[in-house]
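Each of the next two complexes has chain A plus one other chain: chain B in the first, chain C in the second.
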Partner chain A sequence: MSGIALGRLTEERKAWRKDHPPGFYARPATNPDGSQNLFSWQCGIPGKEKTLFEGGVFPLTIDFSEEYPSKPPKCKFPKDFFHPNVYPSGTVCLSIINDDGDWRPSISVKNILLGIQDLLDAPNPKSPAQQPAITLFLHNIEEYNKKIKSQTKLYPPPS
Partner chain B sequence: MSDNNNNNNNNNNEEVKKEGGDQEQINIKVLDSNGGEVFFKIKKTTPLKKLMDAYSSKKGVNPSSLRFLYEGNRIDYENTPKQLNMENDDIIDVTIMQVGGSNN
Partner chain C sequence: MDDNMLAQLVDLGFDITVAQLALEQTNGKGLDAAIEFIYSFSEPSKLSSQKSNSNVTPTPTPPSSQQEPSGIRRSNSKNKSTSFEPISPQVTHKVLKTSRKSVKESVDSNVSYEDNDTSLEYNDTDEDYDEDYYQDVDDYEFDIPIHDALPKSNTVIQASDIIHTALKEIEKISSITETTPSAATILLQHFQWNGNKLLERFYEDPERVITQAGIKKINEFHTGKNLSDDCMICGDSLDDSNGCYLSCKHYACKECWANYLRIKIQEGESIGICCLGFKCPNVVPDEFINRVIPENYNKFLERLAQTYVEKNPNMRWCPTPNCGNALKAESQAETTAQCSCGFRICFKCNQESHVPADCAQMKTWKKKCEDDSETANWINVNTQDCPKCQSAIEKNGGCNHMTCKKCKHEFCWVCLGNWIGHNKCNTYNREENSNKSDTKKQLERYLFYFHRYNTHEQSKKFETKLRTDAVNSMIDFQNRKDKRWIDVKYIEQSTEVLIQCRRTLKYTYVFGFYLPDGPEKNLFEYLQNDLERTTEKLSGLLEKMNESNSMDVKEITNLASTKLHHLLSGVEEGFLGH
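Coming up: the complex of A and B.
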């Protein structure tokens, strides 16, 4: 089982190195001994231009299981990330990476990261994952926008 | 890995290739935030300053106004592809650095 996951992850890694959308990064974590852990990736998602997320690069961890790609990986922003479709733990709630939703084994790491980038500025209020963000989004959009803006400042591009 | 090709062991020159890799050139793509691509060929042991300077002059901008990133980390002038474990066909991301304030 692990062989399949590892093989696919090796391919994903290779494909990403040769071709990825501008401003994104995605690199396997480094083990204490210096080797690479292909089952956990550190990623950065740039906010889209002309949105309240512009100028930020949002850190995301993708954890793959041995059952990948039959099962989707788990995608996490930092704890308490402010967004209607992100759980308090930071886990992203999105149909294309939902096991009971639209996950398909053919979805690539690139697809996932681009999907999450889209989600940033286009939350789905029908499927909220945290209280603070959904409440403000529905009832006080000005305050919501302010919160989003100040959160973006917390995540400047790598320097 | 050591290829002991015993013919012409010229000991006067720099770095006869040891691991078979050092003198090898790799292709690197520099990708800007609009998706623009510029390709470079560089030796694995050459400091990336050379590539950054070449890119800057090609674009007609000051090198200090650009930020070069590899795997999300800023590249220093002295870094070589070898140090960063770069491989053939890898991508370097480039963005324009924003500076606050009005005087340069």
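Coming up: the complex of A and C.
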């Protein structure tokens, strides 16, 4: 099992280095001994232009399991990230990376990151994952926008 | 005039309350009208007179050529366990035992499987079973035939045959629509196994149906030939030996496909597993699964059988633990079904069949029982109502001079009389009931019904024992008294009727609880009481079973089933208005 996961992750890494969308970054984490940990990636998702997320690059950790790519990886924003479809723990709730949902083994890291970028400005009120963001989103959109804007300022692009 | 008729009715052997009711309802139209009215609900005396006729002229000896082989064969225990067969000719109960033979025949001979299987009664262990069986029934008609108390209109599919039945269905659709079996499976799943609806839609617009179900083009399994791409999952290069793909051309190696499919099947999916391509709607056909993971194919079939039952609105699993049979109703309008293990299920709410009470009543009743019974019991035992303001009061010590905290009324705990001027409380107050508050009266009423419901509920525990006892005494009779199986079969049937009566009685208390007072209720309670008495009688007879009381047992069994039948049809059609 691990053989397939590792092989696939090596391929993903190669593919990403060869070509990736502008503004994004994705790299395997470094183990304490300095070696690469292909099973955990540190990524950054830029907010789309002309949205409240513009100007921010949002850090995301992707954790792959041994069962990858048969099972989807787990994608996490920082704890308490303010977004209707992000759990208080930071885990992203999105159909294409959901085990019982639309996950397919052929979905690449690039697909995932682009999918989450789309989700940022287009939350899905049908599957809310945290209470504060969904309440404001549904009932007080001005306050919601204000919160999003100030959150974007917290995550400037890496220099 | 009326009194005269009443006396005549009583002379005829009718209960006095019933006679009164009948006269009331027929508005003095005469004796005949009243008798007819009573007969329209229950025909005890009519029935017993018929019975006694057949007692006088018993002709239980059939031509000897027919009895010998059957008697021997019936001692086969397997036959016994599936022997709740129709004796009464108007009841059509089918036990579908799908042997290879039956699968083939039904597929070959008839397009509409549901209609066809009604005529199938197979037993794969015994080729001659059918003929012998019906001969036996003929023999038996000379004797008192035992009615089935509750009709069964469903098919029981034995656990081991479910998959065959599913495959048969698939084969049928596949041959009609000229699609591959796996495409037919996907189509059937899409239409919740409603073959007729599928075919209807399919003839309207085959293309659309196929696209909607997720088969782009009828999917074909390909193994790699001249594949230039790498596996889209693990990145290994593909060659002729390991590449495979569907018509959507999402190339992957066999190992990656196998991992993907294995996990999907493990998670309980069977039909409708999508291709592993990103957002690809194509459904993986089962030949593909068989080719990629042949070792898991059986597991796949198990899941298929599971979805076959679960997605089919006309089918239910038998809820008995470890039974595993599936019950199939003729239509969704069916309300109850009976498994060959004896369990009757309500098709609407998946609980034990609860006639005459309906699903909504059962729901409220169960909720009420959960909420109320504990509290209610406690209140009933430990409190009394203040005679003035009717608040429930708990006496937790002290003397009998009570002062209500709420209205300051002072009274005696023992006789509930006013404390002022109170001197004796040892006289029984027959008006006591009317002093009680409404809540308390309601509570008592509820407890009355609950107690009876619960008693019958408890007796359910003895069902298994009853059945084992029946089988044991049947074996005993056959061994010791040298009886044929067909001669002792009535024991099993009577036991079954007894169980049905007890179960129904249990639910009559729910029904009765929600039935408003009035003449209808009086009649209902009469029938209920009548059934209860007959049931007890039957129960007593079965306990003291011996060969000399077989006629009695049969007679009472039929009486019980007729009474049960009348009670239920009365509930269904309304007791009074015709």
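In this text, the second predicted complex is superposed on the first by the 159 of 159 C-alpha atoms of A that agree within 3 Å, B and C clash if a C-alpha of one lies under 4 Å from a C-alpha of the other, contacts with A are read in each partner's own complex, and residues count from 1 in each chain.
Convention: a residue touches a chain if its C-beta (ideal position, glycine included) is under 8 Å from a C-beta of that chain, and two chains touch if they have at least 3 such contacts.
Predicted, not measured: the structure shown is a model, and the values here were computed from it.
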I'd like to know which partner A:Gly47 touches here: chain B for first, chain C for second, both or neither.
neither
Where does A:Arg27 make contact in the superposed view: on chain B (first), on chain C (second), on both, or on neither?
first
Partner chain in contact with A:Lys18 - chain B first, chain C second, else both or neither:
first
Does chain B (first) or chain C (second) touch A:Pro84, or do both, or does neither?
neither
Would you sort A:Glu67 into first (chain B), second (chain C), both or neither based on which partner it touches?
second
Just checking: does A:Pro105 make contact with chain B only, chain C only, both, or neither of them? Give me first, second, both or neither.
second
Could you list which residues of chain A make contact with chain B in one structure and with chain C in the other?
none
Taking the touch rule as given, give the residues of chain B at its contact with chain A in the complex, in rising order.
31-35, 67, 69, 71-74, 87, 89-91, 93, 95, 98
Listed in rising order, chain A residues that touch chain C in their complex are 1, 4, 7-8, 10-11, 67, 69-71, 96, 100, 102, 104-108, 111
In the complex, go through chain A and note every residue touching chain B.
17-23, 25, 27, 42, 44, 46, 55, 57, 157-159
Contact residues on chain C for chain A in the complex?
232-236, 250, 252, 255-256, 259-260, 262-263, 267, 274-280
